[in-house]
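Labels run A, B, C and D following the written order; every chain starts at residue 1.
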Amino acid sequence: MTEASQHNETDELVRSDDPLHPANHISDLCRRFHTLGWVTGTGGGVSIRHGDHIYLAPSGVQKEMMQPTDMFVMDYETKEYLRRPKVLKPSACTPLFLAAYTHRNAGCCIHTHSQWAVLITLICESGLQKPSERNVFSIKEIEQIKGISRGGSGSDEVAEGGRKLGNLGYHDTMMIPIIENTAHEEDLKDTLQKAIEEWPETCAVLVKRHGVYVWGKDVAQAKTQAESLDYLFQLAVEMHKLGLKWVS
Amino acid sequence: MTEASQHNETDELVRSDDPLHPANHISDLCRRFHTLGWVTGTGGGVSIRHGDHIYLAPSGVQKEMMQPTDMFVMDYETKEYLRRPKVLKPSACTPLFLAAYTHRNAGCCIHTHSQWAVLITLICESGLQKPSERNVFSIKEIEQIKGISRGGSGSDEVAEGGRKLGNLGYHDTMMIPIIENTAHEEDLKDTLQKAIEEWPETCAVLVKRHGVYVWGKDVAQAKTQAESLDYLFQLAVEMHKLGLKWVS
Amino acid sequence: MTEASQHNETDELVRSDDPLHPANHISDLCRRFHTLGWVTGTGGGVSIRHGDHIYLAPSGVQKEMMQPTDMFVMDYETKEYLRRPKVLKPSACTPLFLAAYTHRNAGCCIHTHSQWAVLITLICESGLQKPSERNVFSIKEIEQIKGISRGGSGSDEVAEGGRKLGNLGYHDTMMIPIIENTAHEEDLKDTLQKAIEEWPETCAVLVKRHGVYVWGKDVAQAKTQAESLDYLFQLAVEMHKLGLKWVS
Amino acid sequence: MTEASQHNETDELVRSDDPLHPANHISDLCRRFHTLGWVTGTGGGVSIRHGDHIYLAPSGVQKEMMQPTDMFVMDYETKEYLRRPKVLKPSACTPLFLAAYTHRNAGCCIHTHSQWAVLITLICESGLQKPSERNVFSIKEIEQIKGISRGGSGSDEVAEGGRKLGNLGYHDTMMIPIIENTAHEEDLKDTLQKAIEEWPETCAVLVKRHGVYVWGKDVAQAKTQAESLDYLFQLAVEMHKLGLKWVS
């Protein structure tokens, strides 16, 4: 097989007229998230699982200029790249996104550097909150909490081993674990995986002084949960400034 | 009648080239409101009354992606759905919007999760304000108050049973009642209706830790009042941070 | 002359393919200013002087939906309307804009309800600043001050009766007078005119709990001055929150 | 040579269908930066080095309306203008941009009046920070720091005289020097050049009460570094408000 034909072959993985094809969808989401300040200065990342294929935005590219042909595509079973743009580097988030796909059966993962997420981890770390609150962000009785699903995948209110599913209720306490940051992003893999296992109801993990990882069963759920969480982080920072408690 | 023809019939209710047709107008407003942070993560809602037809944005849909064909249409007299998209759920706001249509003869209702609205209810609740101020947000002598109509529908300065109509004046005190939130949005119906009756001059009701319901005689009035209120909520939060009184 | 032909005649005043024609330019500016939160909920206004014609955005219209055919056109000499859309009301700002045209030879006036302008007047009013500072906003040694011209019209550094012209320098103190608000906007005319006369170097007048009027010799100068002032108002509010002095 | 043909010749320097041609690219960046509040009211500036040609946005033009034909073009060797639009003035930033081209081999320079940059210089100046911190902004252990390169040009981790290159790591302290502002922007040249020499690892210089100069080896690096810095300035202001230390 010639190199040219091979190139054409992997291009088929990312070329589509359908705006909801993962390669187009990720490019579109990156543009929107850049406007929100979630992926400033090449930070952050987005990934979609499409059957056995995992689509991943590359590292170091200006997110608002992302093109479908910039995408990496990985085989979910073998974890081998089916497509790997030569001039680009794979995202350091890749092992973290894989943790959500493997342990939560997620269909989409979003990683933001939102300042609200970072500020929440700084407030919790600062000891202005009780020690027990330093490794988890908790808030309750805010309507927007109802936009968050238990476990971050699946939204049907079906019992499973006695555990409640579906979205959180208004009187539930939303708890998002906070893990320590590491010098190299890929080294977050173990603690992130541990947090996912220890917090079966969470749909997200905050990383101290870094940002947040959010997932969902599909793009719509991952994106709306990322929006709802960012809303809650921002509101909580403002509440903190005004001397109002997150859990009364 | 075949199912296909029935489908075509109800589609006539939502298909139009006129950008101001309720189905198009709601879609457009939802996109704008998403940019403002009013309908983050599928939160919030919009409804327009068009003669005997009430148009309602569905539940759980990403508001900035709303399509005219996503709309529910209800008959005002019978309160029966004339159009009910199969894969979507009707909005839990529906009974609340109906209260404004029935009791205030509104032509449009907007429900936002604006953080400024939520923060106002939190500041009032916190007791930083006087007890008598906890169930009502009051502010006066800010020019933007003149953008708010008495009762939220009709803007002609006509006396009706001795009551002043038209918009609030600069020296009037704008008072927006605050009701308790409930676990399920539809359960707000009774208290919202009570607030509408007890506060004949209000064009809006704040819901604690949740957001605000605003109405007007038509889309223009509901939308500009929602904007003016959000401006006043934001300004009042900033005033509170700076130690400035809302009513001196 | 038939009514139809009269209609066509006055339409000539507002129909043009040139995006910089005053009727198109005002519509475009209103859309931009709405995004900035300067003309929320039908508040604020814009006017351009074009030779002997004064173009004025109407009252009560949603600013981001303004159309060229919504414009009022007044003859500068006679102060009579040459064009008066039947279903619209002239802006209550009209006499205030005329003051800047008459007393400063302005070419464009902008009135915003920017929250930063309102907060500056509230901070000055609150007595947190010295009594002598309550009726004027003063700030110095911020680079953006260099975007503000003396008198708000003309930018050539020519002496006129010994008075310096041109833009303010970095070490100059920018002073913007603050006048009391009135119940009816048109009643601001006398105090605004007095402030214009008493402060020959100002290109703007702040109105307490209301907003700001800014002018310039043309649209570019009025708009860039409105931007620079809003930047300075916002910065000054943030400085105040951080305990930093506006004039050290 | 006729004036007309000369005009055509210099137009060749700025006319291109390629959106990444420097004249088009600067216009596009100015529009984006205006939305971010970086170049409000004709403030700020952008320059790109393209081989031996330096492209410079003019002075005093509304940045969001910049056209390719507004560009000045200078020969890098002779420092003479190859193109100089008659009705426009060259930017006062020109000697400052040249300092980064000459001393850092930069390919693009960005100057913003971002309020976050100004507030950082005001907080450092105010003495709320330690005296030793007044002429430098330092922050560490925030993930976004990894978006900043040592020296602001080149990103390969190659040793050069023993000095580390490449981007900063999470545990590195990012230090941005702060220089005094001057009455005339061109007079910043000497202190800016001195700061560039004294701080070999910096990719930016803050100017007190004025803004920031940022550079990079190409547009992508200069722009993403400007974004990352602005993110860090904003976060640091919020941290300061919350009583959180920038370096613990």
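The criterion applied here is as follows: a residue touches a chain if its C-beta (ideal position, glycine included) is under 8 Å from a C-beta of that chain, and two chains touch if they have at least 3 such contacts.
Keep in mind the model is a prediction, meaning the values are calculated, not measured.
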item	value
Copy pair chain C, chain D: interface residue numbering same or different (half cut)	different
Most remote chain, CA-based centroid, reference being chain D	B
Cα superposition of chain A on its sequence copy chain D - rotation in ° rounded to nearest 5	90
Chain B and chain C, separation of their C-alpha mean positions in angstrom	32
Mean-CA-position distance for chain D and chain B (Å)	45
Multi-chain contact sites of chain B, meaning residues that touch two or more partners	241
Contact graph of the chains (line, ring, star, complete, other)	ring
Of chain D, residues touching chain C in the complex	37, 40-43, 62, 113, 115, 118-119, 122-123, 126, 128, 181-183, 207, 209-211, 237, 240-241
Of chain B, residues touching chain C in the complex	141-144, 147, 169-171, 220, 223-225, 227-228, 230-231, 234-235, 238-239, 241-244
